[in-house]
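The same chain A turns up in both complexes below, where it pairs with chain B and then with chain C.
Up next is the complex of A and B:
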């Protein structure tokens, strides 16, 4: 046990220490990069070892030590649920570091090359701490470090106005979320008298308080997870951050919100049915709205960010079904729902990491993230294109990759719910199935658009004709694609791994979970056989085609353009025109804005057309509310005059006030 | 249970052998309504064989994605055939949830057809692809809810129990789902009133325009794949209307085969007597189908009198 603790300490301290040391070595940027990346990769390897080990332990591994903070203790625990989050975390953390070695080059001379590494490594480590923290205060501290380090990562290009705005919105959003979490732990801890998770879990809350706590937790953790309506920071923050950070933020950090919800379910004990209903409802709305908003985007990374909203929606659909299964006592529903949701957490980390890294390579090579300015990138970047294609197939939930398996499980859960002979469960599960199907169809639309416009066809601008990324930026893509393939084809072998985490979530005996698992095993094996048959059929058709074309004339000619004589790249369908029918069909939800200057008169002087899909919630709700709040709070600005003496005075006054309070009302 | 049995190889063999015949029946029916003689019943076979004997010409814009499109699509459709029972004849691969694999394999077909179309850089193919993904996204929930209603009582979401020998659905939900499935079939297979397979104007096409640049064996794969897809959807619709429990497997197979002929004639008739809908009207048609599907699901649950 002590050796594991030591190895985990390596995972936590080495990345931070190495990058801290690197900051002092400004004259040698290569050494700084080596230290930053080396630290991250060492930490990731050590952490991965601990996490994989913890996955198979029957009892959680706990480490306790006292802490001088009131109500705080350095108590950590790594159970199978934490391990399930830690594995993709460390995989993506290590691969992202590998990728960033090349991605962050060249470093401008006036910059310190180690600073981005410090923030990145701190972000990775703090998320690991969030997952293992077993004390409310430690959890909040780790949470705050995570938020602040990711804020600093978003500010990477702080010279740009857009970047600063994005970071600002992110900072506000994350702190509103953190405020809810503070309330959550204060209210939970007040009844218990301790913030240790073990004591909270043993405390019997009244049903009303349990419900209240869940609602507060859902708001706080949901804002990190990016559920609608708390999603507005994602499409701002993800595009502004460097791509390896976006991958980590989208792949793992938003899952910390999911982890929080799951952990609070285990802490609060007996789940209530309405938690499941609200999770499924939120999941449907987030899923559909996320993919619709993604369809309207022109910026590749913004599009991917909205897809994260969609995917946390799918995760919520699974978890909601799981909660319903527990509260109505349907073990199979509970198992399938939680298993699907958890697997989608892992899967989304892999394919979204892959997509963000692929998008980063394209942006790195071409200098633009505007989908409509790209095109034909596959010719210069064939490897990146192949990786991005694998990610697109996976995120659309298509066989034989991993996205299909997790969506299959979520579907299977909803189908079980349909047959539960319970009116409300039937209704919400039917909603879940219809939403999943619609999300699936729209995701195909969105990713054929993204992949097709960026990588295929002719380059739309000169920027699109640049070369392939280097090996350090390609290898992580293929490693992640391999994970997607392995989970897709071999999940029926991997599924026992999920028994223990589901056991923790449902508080069902492990034997029950294992028996549910064995009744479901044939389906999972069936999927694997079906996928192998699909691959075999494809291979056979490929060989047939190869044989048929052998020794025949295979010519080349321009694309058929229906007789038009001067085809050009600008004639191609753009991403905006591709998505236009869907965006117009859902115009009441999306509120697309079109600015047209049509040719007029006999000799038109010029014309233009722009289309844009705004985030209605941001523009119509958040912006006015925050502008109002900002206006009112500016009246308090005199408090913050920038004079150190005044601040010292505030501190002194607070101390005196506290002393007086203690004197007047002694405990 | 996941069963992989070769004695059931008859259902995919029938699909592989007879799928182009269904297009022949449709063409004959349309010719009858137009007062023409029409192409021979086996014309589709000759077309496919002719294409298979040709070389190929590829656009200079295209990459390997364009070449992979037809191959992956046909591969996925062949796998779909392995999942589909023919009446009481079982499927090669059958397990609880195989319907989902089927639906998502069809999404693979769509994904690869669309990216192959976008690979040409042609605005026409982009247009077709855009419409295809739009309509399919709306069709997918309808299709799944229909299948859910059909597979209802068994809760297995398995073709065997939905439309195969284990089918035990009652008449009303079956009929409701059947009508919705006919709409789904027309929309997914580029038939009237959603898409006109016989049009000659690229601007108005959906499916045909996406495959404008394919030729030779690739186009043979696409044509054959399209007939397979129509066969599979037709089979689902036929079985929804035929929730029968025949005494013998062979009577069942005979009835289903007759049903396939009838569905060919029905499609031909629909194509002869309806005009194509404006593209903006198609979602309304699909909304109607969605309502039917939902009613079918409710009826199957016993929520309707």
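Up next is the complex of A and C:
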């Protein structure tokens, strides 16, 4: 026990300490990078050891120490549920650090090379603390460190106006969420008299209070997870951050919201059916809107950010099915739903990390994230393209990669729900299946568009013709792709790993879970074998072709050019033209904006076409509301007179008012 | 212990009634020294390593280091007295009396519990903090405001030592705030070296408003 605690302490302190020390070594940027990355990788390795160990422990490992903060205690606990979140966290944290060694080069002379490392390492460590915290106050402190360090990471390119705007939107969104969490813990702790998770879990809340707490928690954690309508910060913040940070934020940080929802389910005790219904409803809306908005994007990283909204939607569909299963006493529904949701958490971390890192390599090499400015990148960057392709296959939920398995389990859960002879469950599970099908199809369309436009065809601009990324940036892609492959092909071997966390969530016997999940083993194995055979056949055909062409001359000529005299790369399908049919089909939901100047006369001088899919929620709801609030609050400007004395007077008056209030109406 | 509390409350009135800045610093230093004695009486453990550190550390910082720094900051400056206080000295003393009465009334109303073994010390803490806030609001010279801040922070320190020993985070926070005062003073010193403005009146800061 003590050695594990010590190793976990290494995982927490070494990354922060190393990067903090590196800040002092400004004259030696290489040493700074080595310290920052070395610290992160050491911490990740140590953390990974603890997490893997905890995954198989029947009882959580706890570590307690008094803390001289009122209501706080330094109590941490690592159970299988935490471990399941910690493993992808540390994997992605370490690989992201490896990747950033090259990605962050060259460092501008006036910048301190260690500062991005400090924020990155703090972000990684604070998320690990969020997952192991077993006290409300400690949890909130870790949560706040996580929010602030990621805010600083988003501000990496603070010279750019767009970057600053994104960071502000993110800061406001995350603090609105944190306000809900503060209320959540205060209300939960008020009845219990302690903020320790152990005491909250033992407390019997009244059903009404439990429902209220879940709703507050759903709003607070949901804003971090990026559920619609709280998703607006995601498509701003992810593109603004450096790619290794985007990978960590999208792969792991938004999962902290999911972790929070799961942890509050375990803390609140008996689940209520409406929690499951609302999770599935939110999941459907987030999934479909996320993928539709992704289809309309031209910025590669913003597209990926909207896919994160889609994927948390899929996770919510799984978890919602799990909650329904527990509340209606349908064990198979509970197992499959929770297992599918949890597996998708892990899967999304791997393939979205892979995609963001791959996109980062492309952006690093070409200097642009505009999909319509790229093209033909596969010829210059074949390894990056291979990695990105693997990620695309995985995120679309296609076999043999991991996205398929988790979506398969979520489908299986919904099908179990349909067969459960329960009206409302039938209806919501049918909705879940319909949304999943729609999401899956649209995701394939979206990634065909993204991969096809960026990597295939001819370079659209000069920027698109650049060489392959270095080994530091390629190796993490392949490691992540390997994880996607392993989970995809051998999930039936990994079932026991997921049994323990599902057991924590459902409080049902572990043996049942394993046996239930194992019933899917033959079909999953069959699909895996089929895929491997298919890939083997494809390889064989390729080798056969190569062999047949061995001693002949093979010429390469341009594609048939339809008889155009001057065919150029601009004649290719663009990202928006590829997506146009779908975007127009959903125009009432998406509200695409087209600005066009069509050729008018016989010899037109110039014409242009531009299409853009705005985030309607941001433009039509949040912006007007915040502008209205800003207008109303500006009437209070007289309070800010510039006199420090007056400001202190306000504080003093507030304190006295609180004191008097407390004594006039004592509790 | 009651003796110390009385001495501190009375010296508060001097603090509120004086316009000379050097006197203000001197009284603050005296209060700091007296405050350093308080932990030996309030803490159940009496003369332990912890109390000696808290007490001696408090004395050294509040009674010696910060007054010295403040005096240095005043050196070479024309400001000897508060020129235009926002609240007059008689009114200030009247307010001080009101503050003390209120503080001791609240102290008396605090229910007996193991967390607050010494309700009078809590009253003293409230009294010091309120006088500090009052000084910040009512005076305009930077030095008076720093002394006000020092008083506020003395209140927090006193509140920390009024609690049972485990809750030492407040005391530690108090020491940290002391360091912050030190930084404030250093800022004035630098401010004077720069001589951007002709006086050290905080009203000048108004130009910084948005």
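We take it that the second predicted complex is superposed on the first by the 599 of 667 C-alpha atoms of A that agree within 3 Å, B and C clash if a C-alpha of one lies under 4 Å from a C-alpha of the other, contacts with A are read in each partner's own complex, and residues count from 1 in each chain.
Convention: a residue touches a chain if its C-beta (ideal position, glycine included) is under 8 Å from a C-beta of that chain, and two chains touch if they have at least 3 such contacts.
Everything numeric here is computed off the predicted structure, so don't read it as measured data.
In the superposition on chain A, A:301 makes contact with neither chain B nor chain C. In the overlay built on the shared chain, the residue A:396 is in contact with chain B alone; chain C does not reach it. Contacts of A:263 after superposition on the shared chain: neither chain B nor chain C is touched.
Of the two partner chains placed by superposition, only chain C is touched by A:663; chain B is not. Of the two partner chains, chain B is the only one touched by A:542; chain C is not.
In the superposition on chain A, A:560 makes contact with chain B only, not with chain C. Counted by residues of chain A touched, the larger count belongs to B, out of chain B and chain C. By the touch rule above, chain C contacts chain A in their complex via residues 86, 106, 109, 130, 133-134, 136-140, 145, 166-169, 172, 202-203, 205-210. Looking at the complex, you find that chain B touches chain A at residues 1-2, 4, 52, 54-63, 65, 70-72, 74-76, 78-79, 82-83, 93-98, 100-101, 103-105, 107-108, 110-111, 114-115, 118-127, 129-131, 133-134, 136-141, 143-145, 148, 152, 155, 157, 202, 212-213, 216-218, 221, 279, 283, 294, 297, 301. The touching residues of chain A, when paired with chain C in their complex, are 66, 68-70, 640-646, 648-649, 651-652, 655, 659, 663.
Here chain A touches chain B in the complex through residues 375-376, 378-379, 382, 385, 389, 392-393, 396-399, 404, 407-408, 411-412, 415-416, 418-419, 426, 430, 433-435, 437-438, 440-442, 444-445, 447-449, 451-453, 455-458, 522-523, 525-527, 529-531, 533-535, 537-542, 544-545, 548-549, 552-562, 567, 569, 571-573, 577-582, 585, going by the rule given at the top.
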